[in-house]
Amino acid sequence: MTRDEITQQIIAARLAKGLTWQQLADAVDRPVVWTTAALLGQHPIPPEIGTVLAALLDLDDAAVNVLAAVPMRGGFDAAVPTDPTVYRFYEALSVYGGAIKEIIHEQFGDGIMSAINFSVNVEKKPHPGGDRVVVTLDGKFLSYEWNQATE
Amino acid sequence: MTRDEITQQIIAARLAKGLTWQQLADAVDRPVVWTTAALLGQHPIPPEIGTVLAALLDLDDAAVNVLAAVPMRGGFDAAVPTDPTVYRFYEALSVYGGAIKEIIHEQFGDGIMSAINFSVNVEKKPHPGGDRVVVTLDGKFLSYEWNQATE
Amino acid sequence: MTRDEITQQIIAARLAKGLTWQQLADAVDRPVVWTTAALLGQHPIPPEIGTVLAALLDLDDAAVNVLAAVPMRGGFDAAVPTDPTVYRFYEALSVYGGAIKEIIHEQFGDGIMSAINFSVNVEKKPHPGGDRVVVTLDGKFLSYEWNQATE
Amino acid sequence: MTRDEITQQIIAARLAKGLTWQQLADAVDRPVVWTTAALLGQHPIPPEIGTVLAALLDLDDAAVNVLAAVPMRGGFDAAVPTDPTVYRFYEALSVYGGAIKEIIHEQFGDGIMSAINFSVNVEKKPHPGGDRVVVTLDGKFLSYEWNQATE
Amino acid sequence: MTRDEITQQIIAARLAKGLTWQQLADAVDRPVVWTTAALLGQHPIPPEIGTVLAALLDLDDAAVNVLAAVPMRGGFDAAVPTDPTVYRFYEALSVYGGAIKEIIHEQFGDGIMSAINFSVNVEKKPHPGGDRVVVTLDGKFLSYEWNQATE
Amino acid sequence: MTRDEITQQIIAARLAKGLTWQQLADAVDRPVVWTTAALLGQHPIPPEIGTVLAALLDLDDAAVNVLAAVPMRGGFDAAVPTDPTVYRFYEALSVYGGAIKEIIHEQFGDGIMSAINFSVNVEKKPHPGGDRVVVTLDGKFLSYEWNQATE
Amino acid sequence: MTRDEITQQIIAARLAKGLTWQQLADAVDRPVVWTTAALLGQHPIPPEIGTVLAALLDLDDAAVNVLAAVPMRGGFDAAVPTDPTVYRFYEALSVYGGAIKEIIHEQFGDGIMSAINFSVNVEKKPHPGGDRVVVTLDGKFLSYEWNQATE
Amino acid sequence: MTRDEITQQIIAARLAKGLTWQQLADAVDRPVVWTTAALLGQHPIPPEIGTVLAALLDLDDAAVNVLAAVPMRGGFDAAVPTDPTVYRFYEALSVYGGAIKEIIHEQFGDGIMSAINFSVNVEKKPHPGGDRVVVTLDGKFLSYEWNQATE
Amino acid sequence: MTRDEITQQIIAARLAKGLTWQQLADAVDRPVVWTTAALLGQHPIPPEIGTVLAALLDLDDAAVNVLAAVPMRGGFDAAVPTDPTVYRFYEALSVYGGAIKEIIHEQFGDGIMSAINFSVNVEKKPHPGGDRVVVTLDGKFLSYEWNQATE
Amino acid sequence: MTRDEITQQIIAARLAKGLTWQQLADAVDRPVVWTTAALLGQHPIPPEIGTVLAALLDLDDAAVNVLAAVPMRGGFDAAVPTDPTVYRFYEALSVYGGAIKEIIHEQFGDGIMSAINFSVNVEKKPHPGGDRVVVTLDGKFLSYEWNQATE
């Protein structure tokens, strides 16, 4: 039983049981984006949380150990995503990526936004011209530093 | 004089004159991410704004017309960006893209976040563990609709 | 039971039963291109429609829930399609894509044709030199606008 | 002087002179999409038309011969276009390509829409929800036939 | 039962029964290259022919319907074929493709050789230096024409 | 002066002087496909022929030596050609390549059609349905043989 | 039973039985590189040899017919091999390929080393600095010749 | 003056002066494949040898320092070489690479043929069926060993 | 039973039994990186070690022979790894690879760090700013030498 | 004057002046790998250091500003490096990357080695079997943490 096989089971079971991602997140009291990403195979799931989710989704007990292991991350089949909902984020990066880089350097100096010490939030917000999807990427700034271990 | 050549001149002139992207944005009273993206070749620049920027950056007058035309957008040389500051956004999409898609569908139904009716904001925010880069992607929700022109 | 597996079953069942795509579309009173795309895995199918189609095609009841979920869209195995009937559209885009972009900008300003608020029609039309395939792509114009959610 | 170099000159000259693609098309009495595609390097331009266009755009006389030769067609730098306005057509093909293929075969039998005996039209059409871009692809149906030359 | 699965069965059955492609073609009175391409999954096979071939190759009756449907064509796993016998044709195109294009335009004007109204023949011909493989590609010339459907 | 630069000069000079490929081939009494391929950079051109062609096309004398050297062959910029006239040959290989391989093995045994001891011919032939492009690929059969040098 | 499946069985059976490639080659009195390549799916195996090998490796009788058919050759999963032992040959070609081409042309004229009328030998040879792997590639020189079939 | 520019000058100068690679190798008393590879930019050339070659080829004195530096090696523009003379070696690796790997392991154990402690030889050898190109790849066997530096 | 299948079994069994890689390495008294790489399919495992590991992980006895064979190495599914933990090493190579090459040549002369006579060590080391991952790559220097086997 | 052009000037000037990377690093009292990477275009160079280096290498004064800007990092032309000295590191990652990931997770938990808070060291160390290249990658461990900015 590999992590990929368990992910397939989770996807099927969620639909069969009519559970929302939010309900699954609430059941384990974790943020919904984190929970969804984890259930889609992108994060290890601590055993105490995995046990609850496995019960809700009727997964085999042996799945809990596999869910708890750090997975091989990375969710694209191809270098460029083809699903339109996902592609728009890739396109935004293609159009604004250079500008975001310049602004980060101007505001913070040389470095990056961490994608590890990081969270994502998705919100529905009103606008006279129609509801808006607001996605917040929030990562620690890491400055380029040339450090070495001390002994 | 192609748009690409003008973009190279802008990059060189900004460094030579010691101007920040924020100063350029303030001079034309536009958001800094928009201004930076536009100066990097990703948006047409209206002539009245282009004239101000061309003066600040000592561009040739003929550049104003070219800056005003809609460019071929898309700023990557390769399908996967190699610069670490840019790559982290690609990686975040690789890890969280599937979850973001699911949450958008759960909150809004079938559709996408527009990358056209859209804005990006980059902010520096405090945190006890160190300053954070907060990037907000804010796009109109577009639901999948099967419409046809009326005559 | 994944969406891909159901798509394979649909393709096989349609041939075995000798049903046309038009007959399937008529049975649910939806446009034939939309119905075909949906049955090929590119759109969610509302349960009341999915139930009818599942019955016509002898699909398992559990398929209705899976058909109702928003799928991962994108129908190519490769970046460039190899089937000649499909490739001609890719070729037309390769030859006329630049011109279409210029004309859209000249007629509408900066923006895009939406592929979400969008419909496709395929018609057989006469011509002295032989019947013609007329494919109409009809999408809402979306202008580039820098908007933000209001609170 | 290669065709690519002439295409660059045409793009620059059009902007410098403030000519629209429609004006150029009207000057030679040809459809605007054809004229634009041809000026962007995708079609040979007959000398009598090339002479008019070269005069309007101040091209060198020697350009007329080069414009009259059949070019190496194909306007993408990459297999997948990155400009958002162009990409939407690629995406529409990715989502609807399979369905279009099935409908063509159901309506016409085995064969293709020609991209050679072919025309494209771009129109702005009204809709209560906002103007629409309507792109019509109109190609002769070619049925798969196993023929051989006669002597 | 997909077309790919049937193709695998055909390949295995032909070897097990020791039938030549020529024998199969003769049994249905069609050209051998067409028959082989069709059995390898590249053409629909009309039911009256499919019935004969299915009987010869002990295929399931249900295969006849699937064989009769227009398949997704395109026989390479990779963009560049690796089998030496197939690669030589790709290489010939790489070395002579530009010349063939020029000669077609010089002899016929702007247009293409159709790969749809088309036949292929493979012959063994003598030569003092050793037998030669003579492959004849024979397609209708299609000139670039800007036509539109009439109503 | 590289071979690529000379090829560009040849292409420009031929158009400027209004010479056909056939006229160039006739001037040196070689087949037209060979001559065209050679002038497009795919074959070395013996000095006595190169001298005649250089004179006809006003090339620099130093070009003759470069034309006489064996070039790096291979005329595609990309693995898959995008020009429609060239692409049709690639497509024919994609659809019929597997069948051609099988027929070669059935008629000749294990081996290949040489693309080195090889010629190509392009002919215009009549047909009631319209003129046809007939391209003949004619290569020596080479059987797979496990031989070793003798000393 | 496809050739690929038989190849997998051969690989497993050889290890289970503890047979060396040399023993298998000796059993059929063929060169060891040829035998190994053939058993790995790169050559047809004549029935009289296939029968012996199938017996040694406990293959199904039906395998003999499949082994006797000309396979789709080409043993890489990717365009660039990743296994270090195989990669070194690719690297040697990357570094010395241009030089080998020049020397072949200088010694033989325009043409190639055949990879069809060809043999490979691998030998272990002594050297004061350590044993050496000596791989000899031995192919017939084929000169570029423009020949045509005679009738 | 980069190494690539010097390589282009070498290629042009050799043809202009009518020097063979063998003559250049003899002038510096080094093997011809090594000398050719080095002149094509794949090896550093010691100053005392570089001085002789620069004089023979009329290179600028400053070239000697650049030739003496270790270059970025790797001579392909694409992952798969397109020139037929070079491609045959790639094809041989594709067909025989797996077998060569197995034989190296059977004869030597786990390890590789070094491509660094390595030489290549190209010879013309007779055969009743025609001259043969014999290319010998001769590299030190390196066994996989898990060693660490000592202090 | 292929090596890939055994690797999947090892991954599952280790998680099910709650064994650490360090425990497995200690059980066979080998370095932990070597042991982990070997169990992940990158090294042959000598039978005496394989027997111990197979017992610990409840593998089938027949696995020991397969584990002892030299595998096809190379652990990426794609040319560029997508898992963030693995990608950082690729990124470090992208940023520092050129510099490492220059320093190796400056300190050692022309040559490479062997990846065959080689070891890797991973250590956790303290630092006031947080623990550090210290990965030591330790390979024998191999100088470019043009040697040949002696007879 | 772009950063890439300055990098080319640095490479040429260093060879012309016979300066080592170590001498350049010593002149500015920075680690040699950092200095080399920065001069090869991978790091911004603070103006006080850039002034010293520009003087040593006779760069134009205007280069100092450009060197001080954060560059687009990423030093490969291709996804997979072809230079053998660089490739060995890629190969080591291909063979050991999976194991390194597992060990990092076993020793530190879920997270990565930072490539930003990071240093690289290259050393020459003795060994009875020959000198060894020891490359130490030393990065801060970053654990996956789901944090958000505080306001």
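First chain written, first letter: the chains are A, B, C, D, E, F, G, H, I and J, and each begins at residue 1.
Just so it is clear, a residue touches a chain if its C-beta (ideal position, glycine included) is under 8 Å from a C-beta of that chain, and two chains touch if they have at least 3 such contacts.
Predicted model, so just to flag it, every value in this text is computed and none were measured.
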item	value
Mutual neighbours - chains that touch chain B and chain I alike	A, J
Most remote chain, CA-based centroid, reference being chain H	C
Angular offset of chain B relative to chain E [C-alpha, multiple of 5 degrees]	180
Chain pair, A-J or B-J, that carries the greater number of C-beta contacts	A-J
Interchain centroid distance [CA atoms averaged], chain C/chain H, Å	53
Computed distance of Cα centres, chain B from chain A, in Å	23
Chain A and chain E, separation of their C-alpha mean positions in angstrom	46
Whole-Å gap separating chain D and chain F, where each centre is the average of the chain's CA atoms	29
Touching two or more other chains - residues of chain A	34, 70, 72-74, 76, 79-85, 91, 94-95, 101, 105, 111-112, 114-118, 125, 127, 129, 132, 134, 138, 140, 147-149
Touch relationships between chains, expressed as pairs	A-B, A-C, A-D, A-I, A-J, B-C, B-D, B-I, B-J, C-D, C-E, C-F, D-E, D-F, E-F, E-G, E-H, F-G, F-H, G-H, G-I, G-J, H-I, H-J, I-J
Sites on chain G touched by chain I in the complex	8, 11-12, 15-16, 18, 78, 80-85, 125-129, 132, 134
Chain C partner contacts - residues on chain D that touch it in the complex	20-22, 32-34, 36-37, 40, 42, 73-76, 79-81, 83-86, 88-108, 111-115, 117-118, 120, 122, 124-125, 127, 129-141
Chain J residues touching chain B - in the complex, by the definition given at the top	1-2, 62, 65-66, 69-70, 72-74, 76, 79, 115-116, 147-151
Interfacial residue positions of chain F with respect to chain G in the complex	31, 34, 43-44, 70, 72, 101, 105, 110-112, 114, 116-119, 121, 138, 140, 142-149
Residues on chain E engaged by chain H in the complex (per definition of touch)	80, 82, 84, 87, 91, 94-95
